[in-house]
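Note that the chains are named A, B, C and D in the order they appear, and that numbering of residues resets to 1 at the start of each chain.
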Amino acid sequence: MQLGLIGLGKMGGNMRDRIRAAGHEVIGYDPRPEVTDVDSLEALAAALTPPRTVWVMVPSGEITRNTIKALAEVLEPGDLVIDGGNSRYTDDGPHAALLGERGIHFVDCGVSGGVWGKENGYGLMAGGAPEDIERAMPIFDALRPEGPREEGFAHAGPVGAGHFAKMVHNGVEYGLMQAYAEGYELLQAAELVENVPAVLRAWSRGTVVRSWLLDLLVRALAEDPELAKLEAYVEDSGEGRWTIEEAITHAVPLPVISAALFARFASRQESSPAMRAVAALRHQFGGHAVRFAAGPSGAPGQTAGPSGPTP
Amino acid sequence: MQLGLIGLGKMGGNMRDRIRAAGHEVIGYDPRPEVTDVDSLEALAAALTPPRTVWVMVPSGEITRNTIKALAEVLEPGDLVIDGGNSRYTDDGPHAALLGERGIHFVDCGVSGGVWGKENGYGLMAGGAPEDIERAMPIFDALRPEGPREEGFAHAGPVGAGHFAKMVHNGVEYGLMQAYAEGYELLQAAELVENVPAVLRAWSRGTVVRSWLLDLLVRALAEDPELAKLEAYVEDSGEGRWTIEEAITHAVPLPVISAALFARFASRQESSPAMRAVAALRHQFGGHAVRFAAGPSGAPGQTAGPSGPTP
Amino acid sequence: MQLGLIGLGKMGGNMRDRIRAAGHEVIGYDPRPEVTDVDSLEALAAALTPPRTVWVMVPSGEITRNTIKALAEVLEPGDLVIDGGNSRYTDDGPHAALLGERGIHFVDCGVSGGVWGKENGYGLMAGGAPEDIERAMPIFDALRPEGPREEGFAHAGPVGAGHFAKMVHNGVEYGLMQAYAEGYELLQAAELVENVPAVLRAWSRGTVVRSWLLDLLVRALAEDPELAKLEAYVEDSGEGRWTIEEAITHAVPLPVISAALFARFASRQESSPAMRAVAALRHQFGGHAVRFAAGPSGAPGQTAGPSGPTP
Amino acid sequence: MQLGLIGLGKMGGNMRDRIRAAGHEVIGYDPRPEVTDVDSLEALAAALTPPRTVWVMVPSGEITRNTIKALAEVLEPGDLVIDGGNSRYTDDGPHAALLGERGIHFVDCGVSGGVWGKENGYGLMAGGAPEDIERAMPIFDALRPEGPREEGFAHAGPVGAGHFAKMVHNGVEYGLMQAYAEGYELLQAAELVENVPAVLRAWSRGTVVRSWLLDLLVRALAEDPELAKLEAYVEDSGEGRWTIEEAITHAVPLPVISAALFARFASRQESSPAMRAVAALRHQFGGHAVRFAAGPSGAPGQTAGPSGPTP
């Protein structure tokens, strides 16, 4: 079938390649002249035969919002817009309503797989009306991994359900990553295991913890066995935060996913105010060792107080 | 090669089958006449040609300890004992020393894979002297999954390192399981996703969170879509606790793995004393809704107090 | 001075008494005829000499919002409204703007102390313009505990800062309550300490952990030494959730406060879907003991599977 | 009464002063000539009239163990030894047994209050036989704060119960400190509250969160409003770790106390291996921003990769 694809960055560009490789016609639009197939959204609309299907793959928030608005102008009743970016699911209803006023259909689709998806296929979770999902199915089939459709694609529910499922997917991902990372650190710290990368590699097959994330960690350790080239500084990209916020809304306890998110927050702090407060309390007790911040000379901070019995 | 195998339960029995299928001779011993190949440990020793290799696959703790002691009596200098059970790594040194006094070699080996290992192969992490590891390699090769040896087997380090690696493996497993479980619960609770099992199944390929544990959860949901047949009651089997204790020894923060362990503890409580204490505090504030325990009549507990502004 | 007070529930009624005891004139309004001093908001406005000061002490959200709107109708330019309820701080800006259009001033004030405040005084955190704070100071002085003003009252910042400070106060409260509760449970569980209530009571003076919350727990244990009369069921009232949401907005790690909130969520679950999912995974491993839910006969759930080595 | 006191450091020296101020005779021993009253343990024993009472106030572990052993040599049947240090409760049984072989009695006593105890009195939790507790009561009364005995002293149970109660006390303390610290950080981060120290000071009276720890934090902020003089580096002193280990033994969930302990562990890490592992995973995804460690030139680390949609 024919697809308009907006956003030809790392994700969108790869997806264009994969969809084309499956035999579909893709007309891509991107503001960067060196990658785009057409010069404008208007040109994109003109190049597509109605009823059109247009996949939006741009950063979530402002840019997605503006793109949806612009599409409401250039598309026509009966066309279909799919937001495949990482939009918060609460954006989907308004986007569907905005397009719906013009008779344009809307589907949201969470896409997982990163740069590896071009080759492996992408895991897809879509939300929308059954007939809209059905209409885009050739594209979903092109993007998803080979194998049974239901192992790489789900029609999760009505508009918003796709992005909701993707949000939870990413929350789970935070927890999984932190679990492996904690295990890695403990193996390193104990110093009984002589070859930590080898142990993680041996978990690749047969064990209970085997997974794609483990495969990536094994890869990373093969490239840098001590993980010495990277700082212990970890960003987060929205979905983890949204997951906790949803959990709070629904009174669902998420101790593991929240701990993983907070570990990322803490990793980015130069000097934790909370831990300075705990140090200050210990200092007030009297007799507890604390570290004073370095003076203007840059001399290392000093330690005060012998460790006596704890109050 | 020839192997003595002690313990023919679910794990040991399957392992015997797999090792035999790889062309080795296995003589198994188990106290249950219906599964054993020989009548006693003495008979096992007599049936094996020196230098013998004997794999112990019995419950950790007391039973493993007694088995090792008994082997120290019936084996001879130059023989090799492999403890493949879930012993705490701190038991390995004493076991190696006990056997070493008799000139008997010792290797510890963590084995992962459960009942699935018979078909898929087992992930193996071994600790011991290089020459002892080398000697047992045909057995390790028989047990581990097909594919490159280093993806299913590691010589982790000296005696104890195998069980240490397995302990951490299981700690990571706790974190992974809890992460998926939290995601499952949030998907259920929000009610936007109409078919939660379908979404989890769609994570099976292409996504970042794909894993063997996910495959098992998909299987479980296929059998019981609401997970209504099971109680929210989760046991733990030692390794998770030991992992936290090791982390404390080495001052390694394990927020995720500990949260997963504590969630299991909490799942087994009829009535949490801590949460009764929090309820009691709220009751003392005055004006906060709390629930009184049911009286002897079995009548449902009553709620007291309208919810006013929180103090 | 003269004060209008809207809302004469447990908190408002006590506050009326305390303010009157300090020598001020309080005219209270409440929809319940048996407690109100006037029949309507209009009557309240008529009974107060301009420029009026009106304290709102009603449930947060809808009811506070409606009260503010009604006050915008009946009050006049130059009057002052103080919201002393547990409003989310994000409501304060809109309320101030709504009143501001009519020339009516606004102050938000977090109030802590519960039913004990009538006798002990209330801790107060106010947000607003300095001149508005100054104007209401006689009331703040009447409500706050005796002693230095700054130990029971703070002008926290502009509009919203009072409720923000109160929100964080309540978040901290969640963490403190859970910390005592965990200690209580461990003392109980270990069974080495023979008289747990006596130990907690001995913490009342001299120790590092002495506090008003501890005093309340000691009181509760004096009334019910096993805390047997209460269910392990703990509600939460908004501020704890808002605290976590703010932390997420500002990327502040709150492992303790979030753990305390999630423990409350979990306390209210009949059967945790997450823990059923973990149990289901363990059941899939094969050989792990799990508990099946009771059948329709009400027979107790059964346990399946001997505990073999953990996969 | 007459008391021998071993260990005249910050705690022991203050305790000697307080006990003497209550009218008792204290003969102190310390290896430092400038503070000791006698030259040796033998001289201490000789200076005390049988039956003797000797209070040991030295660092826990090795030094306490050696002191107990030495006392077993120099004391006589019918004497009483009180260990007031921060020994792990599991040490108490062996110490009691060692002394018991010589007919010497033993009591363990947890002491809380730090340097403030000299003036305020110390919170005391004692374990031992009722008659031994009774015998030492004049000393306990001298040490504990004024007011009802049971608000500053508890006979917690048999030998070990005093140190167990003190261990849990310190675990609770970790949770409380972290709760305040998290609240402090959030108040700082949000920047809506203009004067954070003033808000914390206003919590001192009337609020639900008022406590002695809060008073200390207010003091610390008065001295250093930004807590800029201290590093975010917090040690831990054993009891917190033991508390978690006990919780694991008794399957008691301690999410808050463990989170507080792990926050301290993390505060002391230059570069968290776990968070480097998470960063490495994100780097493997492709397209995620990570920070590379500084090169040998000391140049600041670089950031790689634009933030595209999260896999």
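The definition used in the following text is that a residue touches a chain if its C-beta (ideal position, glycine included) is under 8 Å from a C-beta of that chain, and two chains touch if they have at least 3 such contacts.
Predicted, not measured: the structure shown is a model, and the values here were computed from it.
For the interfaces C-D and B-D, the C-beta contact count is higher for C-D.
Listed options B-C, C-D or A-D contain a single repeat of the A-B interface, assigned here to C-D, on the basis that more than half of the contact pairs agree by residue number. When every chain is reduced to the mean of its CA atoms, the largest separation from chain A belongs to D. We define each chain's centre as the mean of its Cα atoms; on that basis chain B and chain C are separated by 43 Å.
Separating the centre of chain B from that of chain D, both taken as means of CA atoms, is a distance of 35 Å. Taking the mean of the C-alpha atoms as each chain's centre, chain C and chain D sit 31 Å apart.
Each of residues 112-114, 117, 170, 178, 180, 182, 185, 189, 208, 213, 251-255, 259, 262-263, 266, 269, 272, 274, 285, 311 in chain A touches at least two other chains.
Across the complex, chain C meets chain A through its residues 208, 241, 244-245, 248, 251-255, 258-259, 261-263, 265-266, 268, 272, 274, 285, 311. Interface residues of chain A, counted against chain B in their complex, comprise 89, 112-114, 117, 120-125, 144-145, 147, 150-158, 160-161, 164-165, 168-176, 178-180, 182-183, 185-187, 189-190, 192-195, 198-199, 201-214, 243, 246-247, 250-257, 259-260, 262-263. Listed in rising order, the residues of chain B touching chain C in the complex are 9-11, 57, 59-60, 85-86, 111-117, 170, 177-178, 180-182, 184-185, 188-189, 213, 216-217, 219-221, 224, 227-235, 237-239, 255, 259, 263-264, 266-267, 269, 271-293, 301, 306-311.
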